[in-house]
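Order of writing sets the labels: A, B and C. Residues in every chain begin at 1.
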Amino acid sequence: MTPPVPVITVENLSKSYPMGFWRKRVPVLSGLSFTVLPNEIVGFLGPNGAGKTTTIKILNHLAFPDSGRVTLFGEEAGKSPNLRRRIGFMPEQPYFYEYLTGREFLALCGRLCGMERDAIVARSREMFDRIGLAGAEDKAIRKYSKGMMQRLGLAQALLHDPELVILDEPMSGLDPMGRMEIRNVIRDLRAAGKTVFFSSHIVSDVEALCDRVIMILKGEKVAEDTVGELMGCEILYVEIVLSPSPPPAVLFGCGIPPEAVSVQGSAVVLRAPDVDEANRWVDLSRAAGARVCSLTPAKRHLEDVYVARVEAGRRDGNR
Amino acid sequence: MLIAAVLFLGASALISLRLSPGPMSWVGENGAADNLVVAISRHPSLALGFQNACADLVWLGAIQVAGNRTLSPAEYDRLALLLDTAANFDPRFETIFLLGGLVLGESPAHGRRALALLERGRANHPESWQIHFYLGFTHYFILGQAAEGGRAMADAARLPGSPGYLPGLAARMFSEGRDPETALSFLEIMIRQEKDPSRLAILERRAGEVAVERDLQRLERAVDAYRAANGRAPASLPELVRAGILARVPVAPDGGAYQIDQEGKVSSDRSRNRLKVLVK
Amino acid sequence: MLTGMLSVAANTFRETIRNKILYAILAFALFVIGMTTFLANLSFGDLARVVVDLGLASIHLFGVVMAVFIGITLVSQEIDRKTVYIILSKPVPRWEFVLGKALGLCATLGLITFFMAVVLYLVHAGYRYGQTTEPGIFVAAAGIYMELVLLTCLASFFSTFTTPVLSAIFTLSMFLIGHITRELLFFGGKSGSPAAAWLGKAIYYLLPNLEIFNFKNVAVYGLARSASLLLLPLAYMLSYCAAVLLLACVIFSRKDFK
């Protein structure tokens, strides 16, 4: 079986911008490479200023790399505008023509994508319902709230039913309900066979949604893996809650080390270092007359990985 | 709040009233602005394509000056400058030359400038009989150049559109001296062919002045005759009528009255100055 | 074909026609055109001429203000507000975007100029109680419009690579120089040195010659009544605008959005 053609291939991408009075070139991306496969949700994670937006601009042909290669659907990016018909893009903090109404704006986007008039009308109606903007179609965008703008940004990216959706910080500035809705939209996209590539600096969004994560820091990739791999299959510890439980002294007597035991109200919590030990401790405590209430393996959070990498990056930078 | 706003607005209006030097003028009265406009008019393309509009604005300024009842020599200077400037901007603007000839000619000191302006007008509008006509009038009655005046008048008579009685007038100019009656005939022609009310007013004012001069000259002749008969000047003007020299004492066209002093000098109580060009 | 350009043009037309500043300028221009009748009453001599001259001058002046101050914001505002990201991420080539923006503003300016010309025509006709009408007003207004189109293209060109303030300065300088190029040629010829004469000539032929669109001064004398007068200026405008817009497209196509 031949491997599927990647939707996005980025090879050795470098980019610098002239900064300050002397127009000194400051590198923003250095040698970034990654791929995105069809029907994946890939999170692009990094702190502010890591080069996420620059990468996304290069993907959309808004900025040009100093060196390196970008292919989309196996074609050189930017060669033909038709390639962009297959891509939906939502910029960071989207801002629209405020003199238009939401409906007029979507109609403009549809025309720019070469859609037929009837299709534009039907798709716009669908999009307004799906992203929770129903009722605001004929309101001037000037009067939209920040959350509504974000939703409209998503609507214009999805209007022409693209195969690849690139979102720059889609959740920023949204309330918890809005984030939930956008997460659902992204999940629906995958169910419909689309590919989603989105950037974020919010770890929980990435963790909740993504198949794979690309983590960048100062223009360099620091990690690329599935969420599971990054978080680690290994279990940090296992938490055993006993209730009712004999007094802790009895448990110490059975051979459970005292530093692993803590009392929380009427319950006793044991923290076993691994699965084998946890099994042993369950047997021991049950033999001592305790009832096991819950047994929870504690995994690493993506956040921990992220924080560890960012801190490592800072140390490198300061050295 | 609203009352306070109105009060402040009123205060600012008062201050502005205090600060403004008097009635508004079109092309600024201060010399600097004038000089700039005059300088630009020497290179009309610096008007950035707004030559006609500039000509109009300067022209409006000139009219404000020309509209005054009496003009001081300085005002005539300014008028001449403004008219020259307007003509620089738009030499096709015929009225500039006509007004210039008409109003500048009123001032004996500005006769030459009136002539220069009219000659510029003739160069730009060789087909206009009015300009030739005004030229002839200025030459003849303002500058006392009978030959040039007659020539210009004959030129005017040859141009299409000129009235049929012009050749006769030109002939009279060659034969007679600088007679107020002849000048009045010319003015009557101008008045008849003039439709514009403001320019008409200037012409009528001028005709009034000439009529006063004609009356004064008539009275002077009567006083001379009286003095020759009685060896003294008459004590009053009605005395001339009683002596059978005059049919009646003329009434000045501007509503003024004629008077005579002890030495027998006649004058009008309205206009102090005599039209010197018509005095023989 | 060119749906992208036409959509951008239609949107720009809508943007500018909904621009409140445009109406402020338009209202002021109409006020001045109305005022010309009062100015004409101050005059004597050919009264209606003042209406035509000052009316056309105000159409020209306010048209230039609109063209420059809306023209410079056309592209730069889209970049500032990042709306350009959304448009360019659609299948629209960048040159279509640039042309569409310029085309849209030209459509607005065309409508506005025509409207002002109609008002002036009516004011002038009304002033003379319909005795004489001056079709030259429309020929002169068409000339003004061609100049506005050229300035719009220049403003779009400048705004593809510099800030709005600098674009405004550059475009206004072009307007000033464009009306005095003849003078430049004259001074260049006068200076005596062949280099200066050559330079003067080069500038004369390369800079926009806006005086050839000027029929304001002859309209009042009834010398601008034939639309055929506009043919050569139209050809000049089209080729000059094509050059300027092509440059703008080239620059914009290479632009890196930061």
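Throughout what follows, a contact is a pair of C-beta atoms (placed from the backbone, for glycine too) under 8 Å apart; a residue touches a chain by one contact, two chains touch by 3 or more.
Quantities reported herein were computed from a predicted structural model and do not represent experimental measurements.
Visitor: Along touching chains only, what is the step distance from chain A to chain C?
Guide: Contact-graph shortest path, chain A to chain C, evaluates to 1.
Visitor: Look at all chain centres (mean of CA atoms) and spot the one farthest from the centre of chain A.
Guide: B
Visitor: Please list the single chain whose C-alpha centre lies closest to the global protein C-alpha centre.
Guide: Measuring from the global C-alpha mean, the nearest chain centre belongs to C.
Visitor: Chain A to chain C: how many Å between their CA centres?
Guide: 49
Visitor: From the mean C-alpha coordinate of chain A to that of chain B, what's the distance rounded to whole Å?
Guide: About 90 Å separates the centre of chain A from that of chain B.
Visitor: State, to the nearest whole Å, the distance from the C-alpha centre of chain B to the C-alpha centre of chain C.
Guide: 44
Visitor: Using the touch rule from the top, collect the residues of chain C that touch chain A in their complex.
Guide: For chain C paired with chain A, touching residues are 3-4, 7-8, 11, 14-15, 18-19, 81-83, 85-93, 254, 256-258.
Visitor: Where on chain B does chain C make contact in their complex?
Guide: Answer in residue numbers: 26, 43, 45-46, 48-53, 55-57, 59-60, 63-64, 90, 92-93, 95-96, 98-99, 196-199.
Visitor: Going by the contact rule at the top, pick out the chain C residues touching chain B in the complex.
Guide: Chain C reaches chain B through residues 39, 42-47, 49-50, 53-54, 56-57, 60-61, 175-176, 179-180, 182-183, 210-211, 214, 216-217, 220-221.
Visitor: Tell me, which parts of chain A touch chain C in their complex?
Guide: The touching residues are 17, 57, 60-64, 81-85, 87, 89, 91, 93-97, 99-100, 104, 108-109, 111-114, 153, 156.
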